[in-house]
Every structure is written in C-alpha cells, then in structure tokens.
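Each structure below appears as structure tokens.
Shared between the two complexes below is chain A, which pairs with chain B and chain C, respectively.
Moving on, here comes the complex of A and B:
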C-alpha cells in the first residue's frame, strides 16, 4: 500500500512535468532552438577547428559539428536542469509547492520525483535534437542511440540535482537569473562540450585542469562515449559521485529544520 | 569418397578465405618502407624496408608479386607478395613514380616524368622493350582492361595521350583541364576518368570517341577552391560509384557514376592522394600524405570508419585478397 502511494506520487509528479512540457510548445521549441543555433551557425563557422587530431571515442577525422553534438546534448540537459529548478522557485513563490509539500511522503522522495520528472523531459529534448542532427548528417552508430539512454538519465539527474541544490539557495525568482549566468556559462564554456581537452591544454594549463574536473565535462564525455557504444568509466564514476553529492546537499538544503530554508525564513 | 573429399576441401577453402583477411600495402615515401595493414582489425601489422622513396605500388594480376617504384633508386622492385622478399628489379628509367600493368600482367608501362616518355618493360625478361615519347611531365597512366589502350597523362602539356597497345604509337591526344594527374578506366573499358589537379575537376571521357563527355567540378562548402586538387580516381566494377581523392581538401568525393553527380564528400586525413578498393569493393583505403595515416571507408554506408597511423608520407596503396 505504501509503495503504491509512492508510485502514485511519482507518476503524478512526472506526469505533470511531461504534460506541462508537451503543452508548452514554445518551451519545447526554444529548448531545441538553442542547441540547433549552435549546431547550424556556430559549428558551421568552426568546421575545421579540430585540425588533424583524432581523440577517443572517435576513430577517424570528424567535422566540428560532430564533435559538439554531445556537448550540445549536455547543454540541453544543463539548461533543462536549471529550468526545472527555476520552476521550483516559481512554484514556491506561487504557493503551488505547498500542495506538493503537504503530501505525506518524505521530502527527499518528492525531490527525487521532481528530479526524475525533469530528467525525463531533458531526455525527450535530447532525442528530438539527435533526430534533427541525424537529418543534418550527424549520424552515430544505431546502437549508440540505445547506449546513450542510461548516460542521458545519469547526466540529466546530476545536472538536475545541481539545479535543485541551487534553487534551495534562492528565495526569489529574480535572483535566479544571476545564478544562471554564474553557473551555466562557466560550466558550459569551461568544459569539453565545445573544445576537446587537448585543445584547451594548448592555450592554458589551469583552464585545462578546471575543464577536466568540471562535472559538466564528465557528463558530456559520458554521453559522447555512449553515443559511440563505448563506456567511459572515469566519466561514469565522476558523474555518479557528483550526482550523489549534489543530491544529498539539495536534500539537506530543502530540509526545513536544517538547511538553507531556515536562513531564508522558511520555504514552501 | 572422392566427393566427400572435395566437399571438405571446398569447406576448408571457404573457411580459410574467411579467416584470412585481405592485406593492405602502403608505400611510405619518407620512411623508405611499406606499411602492411590488417584492414579488418584496422591495425598496422608491420613496416618493411623496400628502398629509397617508394611511391607507385601494384600487385600482379595473380596477386603473387608486388611491384614498388623506389624513385630515388631509379628502379622498380619486385617483391614476393607473401614473404615480401625482393625477387628482382626492373629497368624503369629515372625517378619512376607511377606505372601501370597490362591486364595480362606481362608488361609494365612506366611514366618517366623527367624524360617525357613512357617506358615499356617486359616483366618476365626484366627488360625495357620500348620507350614512347609523350608530352611534358607524364604522370597518370592506365591500361584499358580490354588491353586495347594505354593512356598517359602529361601534367604540363595538359594532354591525355592515347597509345595503341599493339603498335605502341600515340594515335590521338585529348586536351584536358590543367595538370591532369590520374587516369583510370572503367571495368568495361568504355570510359576513362581523369582528374585535373589545377582546375579541381574530374573529366569523364568516352573511349570510343576519346572526347570528354562530362566535366565534374568538385566544390566543398567552406574550402577554398585552390585547395581542391583531385588526384587518385577509382570506379567500382559495376560503374555505380567513382571515388576521387581530393588532396589538400582532405576529402574523398563520392560520385554517382551513372548520373555523374557528386553525392557526398567524405572527410579523411590530410592531403589524400591515392585510393584502392578492397577485393569485394565494400571498403576503400586512402593514403593521407600529411597526416601520415590511411583512412578506411565503408562503402556500403559511405562512411569513414577509421584512420590508422602507418608512417611518414603514405603515398600509394595496393590490396591483396
């Protein structure tokens, strides 16, 4: 009976999020337009940017479009993670979070459900993006599209947990824009999404170190290898550990008696 | 009983042929060696020294002998294709680069760039039997599969010389786009394909009329036209597709040999010059001179699957079944 309760709550939350996503056609389109602009405009200008190096998981020379595709999937998930936690702040301000919080289930479970909901949305977006990229002749091996699913789930959860953690710090919606800029841009640009590590190393050693330990880089590499039917164990471990850390911190953050809620004078 | 033996033998041969993958030989201009590649594993097996500045390479029609033009030794060496032991040398004339074999494998035609001539060598006796004067800087050379024509391309004269293989006389010249580099016949001998390094074009000629039927301009978005320098050209035996190595454009053009339209450009390594099919024509191997590797192209999917480092300045390629 108890399990059924949990199940009902989770399907409710995930269902609501998916419905909201599908009904907001503008959100769906805008979530796709951002990476597509990067792909069609930005990448086109840097077609030969990679020069003559071959780095795993690639076994031959690739165009820049091919290189940044996994990075842009990471971008989709990063924005989605931030956006779904943005909606948490919104829910809190609007009062609809109270509805959720009065549910007689542990708060960590509700947060996890919320996270799964956000991740499900980002996976849909990622596949839609990959579909368009396929038509643009960016094609990975067919099985790669199956391999990528667990990678997308883990990276989506990790980035979503990061968003949750950040949203627990934020009291008002307005503050969120600043965090987006201070978090999203550094994470995205100091990563392997746009340039391979060896290329970053050529220009700056400390940037290379930052990019290497950037959890977003690891998520992108996990996705990149999975798309070519390979497992990058280091990226997997790194992403999983980052997820656990962010998630635990977010759960603490959302705890009314201990976390940031106290400092902010109570949330929800 | 005898039938059983035959069946066993047939099975054994079938099995052996499946196990024994083809071998790819690549001349390494700077390493004075050839690279031996296992294309199934996509791995370099070994490198064998062959002589100074090896460039042109070809197998005899029975796949038993391997001919390699060692340009700085002014000779073409014959190797046993299995053991890679040297069997002898051919009097190629100075600085041999490209050569063609007659379809029966008895004669070899060598372009002598500096002497503006083509040397005809009888392989069995290892003797030069004739020298044919052609235009300035002959480079590309091809014998038609029906053994009627020998075509030599002169880079500076911008001409294709049609040599009758019986009389060994030039019977016709065709003016083509500047700096013709490579020539190759279709399997039915009805067409000759030629590349122009300067104009960035591929010309398709009708063997009967010896005239250009169509000129195909190669263009890649975002790559300046002076980098488009087509060199090697191969056409599959069914004449469905032709593939052209585009030099510093780092691409192989995939041309529909029926419509004569370019369908695709495949990204390979730097300065791709020469190409060779696998025996089943399901794969294509390219030599990438500056990036020092060989790209393996899956022709069923028309995708580059792998690039394998082989050594310095890979130039020519030959595939043994």
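Moving on, here comes the complex of A and C:
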C-alpha cells in the first residue's frame, strides 16, 4: 500500500512537470533555440578555425558541428537543471513548494521525484535537438540514439541535483543571476563541450586540469561516447559519484532541522 | 479528541525569537482562531506545524502522532490552505487537484470521485476544466479549500485564507469552514488578523510577539480579560495594535 503511494506520488510529480512543460511552449522553444544557435552559427563559424584531430570515440576526421553536438546536449541539460532549480526557488517564494513538502512522504523521496521529473523534461529536449541535428546532417549510428538514453538520464540527474543543491542555498529569486555567472558559464566554458581536452592542454595546463575534473565535462563525455555506442567508464563513474554527492548535499539542504531552510527564516 | 497539540514550542531565526514557549490544543469539531497582528509569529507557527522547519524546543502532535518522529502519519491527517495561493496557474482545476491527490496516494478513479464531491460542495464542479489563471481570487480559494480536504484530513489549517478577497467571498469561505467543522467534526486552526471572521462559538488563541496572550472559548477569554468584545480584547492584548 505504501509502495503504491510512493508510485502514485512520483508519477504525479513527473506528470505535473511534463504537463507544465507542454503548456509552456516558449520554454520548450527557448530550450531548443539556444543550442541550435550555437550549432548553426557558432559551430559553423568556427568550423575552419578549429581543426579536430581523430580521437575516441570518433574514428575519422569530423566536422566541428559533430564534435560540439554532445556538448550542446549537455548544455540543454545544464540549463534545464538550473531552470528546475530556478523554479524550486520560485515555487518556494510563491509557496507552492510547501504543498509538496507538506505531503506525507519523506523529503528525500520528494526531492528525488522532482529531480526525475526535471530529467524527463531535459531528455525530451535533448531528443528534439538530436532530431533537428539529424536533419542538419549530424547523424550518429542509429543504435547510438538508444545508447544515449541512460547517459542522458544520469547526466540529467547529476546536473539536476546540482540545481537542487544550489536552490537550497539561494535565498531569493533575484540572487539567481549570480548562479548564471558563477556556475553555468564556468561549468560550460571550462569543459570539453566546446573543445577537446588535448586542445585545452595546448593553451593552458591549469585550465586543462579544471576541465578534466569538471563534472560537466564528464557528463558530456559520457553522452559523446554513448552517442557512438561506446561506454566511457571513467565518465560514468565520475558522473555517478558527482550525482551522489550533489544529491546528498541537496537532501541535507532541504532537511527541515539541519538545512538552509531554517537559516533562511520566514515571515511573521 | 485533541486533533492538534502544540506543547511548549519555541523557535528563533538566529538571535531573533519568533515563538516563545507556545502551548495550545485544537479539538476535533472546533474552529480555533489564531489571532495576532502581523509579525506575531503566526506564519512561523504554521511553518512548524507543516514541517517546513523543525523546532528543537517543544513538541507538535497531530492526532497523537509526533510530527518529528512520525511525520508521515501526522501529515496524512493534515490539510492546509496557505496564505499565498499555491495552485499552478497553467493547469486546470482538476489537474491541480489530481496532483494533490497523487501526492496523498489517491488513485485516479478515487481522486476523480473525491474531486467531484468536494467541488460540488463549493459549487465549483462545472469549472473543473478551467485553467486556474482564469479564476477570480474567491474561486481560487474555494479550489484550495477543496484541495486541502481531498484526502479527508482531520485537521485543517488555514493561514489568512481570505486576504485580498471581497466581502461576499470572505463570508462564503467563513460559512463553509464553520459548516465543515459542525458536519464533519473537523478540527480547524484559522490564522487571521480580521476579527469579523470569528464566530461566537469559536475557540481563540491570541498570539503577540511570539507569546500566547490569551486562549480559550471566546466568552471565557472576554470574561477573564474584562473585555466587552473581541476588538477591544485584541487592542488590549496587543497594546494598541489594531487589526
């Protein structure tokens, strides 16, 4: 009976997030426009400037657009994770988060369900992007589109958990701009999303180290290899461990007696 | 039967004390009005009862279940209408209610029946497919009350539910809640600073600066404080702060 309750609650939370996503078409469009601009404009412009040598998982010379595609999928998931976090802060300010927190299920379970819901949305966005990229002639092996699903789920969960963790620290909606500057941009630019590690190493050793241990790099590599039907074990482990750390910290952050909720205070 | 018991509860935001040794009970079949000016500690008390925060000092129990140690069983018995509307404006009335039903483990079929029952009681059933964004303030509040009752709670918390509503909407909500108390033996804790929402047979808890200044049935409290009416009593206990 209790298990059924958990199941109903989780499907309810995921269903609500998907419904909201379908109702907010502009959110869907903007989630797609951002990586598509990078693909059609940025990558096309840099095609000549950046030569990509043959490195796994690629077996031949590739165009820059092909290289950047997994990075842009990562970008979709990164922004989606941050958007979920933004909506948590918004929900908390608007009060609807309380509706969730007052339900008679453990808070860790509610946060995990919220995370799964956000990840489901990001996976839909990623597949829509891959579909458009396919039409643009960026085509991976057919089975790669199946292989990529578990990778997308794990990377989406890891980036969503990071968002959750941040939302437990952010006091007000206005502070969210800081997250853009201090989290999203460094994570994205100091990663293998736009340039391969060896290329980064050529220019700066410390940037290379940062990019190598950046969890976003590892998520991108996991996606990149999966898209070409390969498993990058190091990326998988790294992403999984990062997920566990972020999620545990987020659960502590949302704990009613220990976390940031108490420190934030409330009204009269 | 004691539905809600608050025992010696204290809470502070850092050095600022928000609640100071607060104790009171809410009985089944009674409407208890939590009266206090802005900043009295009403919202903090609601945050603690709904477990947004935990308090290290004091104890809260819902129908005998300790909120800290048996939070699941305690929260199952609780329905809440928060001060701010917590409905999703982009979803329809029934989508919002089904979401709540799912959170409380009610399956789709049973949920639809309960939704019909509660919305009909509030004359809102014909609006079940409308987007919440299109409803007026009074109707949104009715939907929130219906939602809070979907899982048949034994205790209903209302945090200033009539703020911003016109007179007829306010009156309708006050009457509806008092009817529920009588017909369903519901225990209600209603936070407000509007004294005209109080009925003669309600029970009263006056909170000011985090401390309880008076509690009990209205007549007893008036007598004990030698006050002629609640307005006078409120002024007297909150030292000139008028609602």
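Worth a mention:
The rule we apply is simple: the second predicted complex is superposed on the first by the 261 of 268 C-alpha atoms of A that agree within 3 Å, B and C clash if a C-alpha of one lies under 4 Å from a C-alpha of the other, contacts with A are read in each partner's own complex, and residues count from 1 in each chain.
Simple rule for what comes next: a residue touches a chain if its C-beta (ideal position, glycine included) is under 8 Å from a C-beta of that chain, and two chains touch if they have at least 3 such contacts.
Nothing here was measured: the structure is a model prediction, and the numbers come from that model.
Shared-chain residue A:9: touches chain C; no touch with chain B. Once the two complexes are laid over each other on the shared chain, residue contacts for A:59 go to chain B alone; chain C is not touched. When the two complexes are overlaid on their common chain A, residue A:20 makes contact with chain C while staying clear of chain B. Which of chain B and chain C touches more residues of chain A is settled by the count: it is C. Within the superposed three-chain model, A:100 lies in touch with chain C and out of touch with chain B [touch as defined at top]. Of the two partner chains, neither chain B nor chain C is touched by A:74.
On chain A, the surface touched by chain B in one complex and the surface touched by chain C in the other have no residue in common. Residues 42, 222, 250, 267-270, 290-291, 295-296, 303-307 of chain B are the ones that touch chain A when the two sit in their complex. Interface residues of chain C facing chain A in the complex, by the touch rule stated above, are 13-14, 38-44, 47, 50-54, 56, 71-76, 78, 80, 82-88, 90-91, 95, 98-107.
Chain A makes touch with chain C in their complex at residues 1, 4-5, 8-9, 11-13, 15-16, 19-20, 23-24, 94-96, 98-106, 256-257, 261-263, 265-268. Of all residues in chain A, only 44, 47-48, 52, 54, 59-63, 139 touch chain B in the complex they form.
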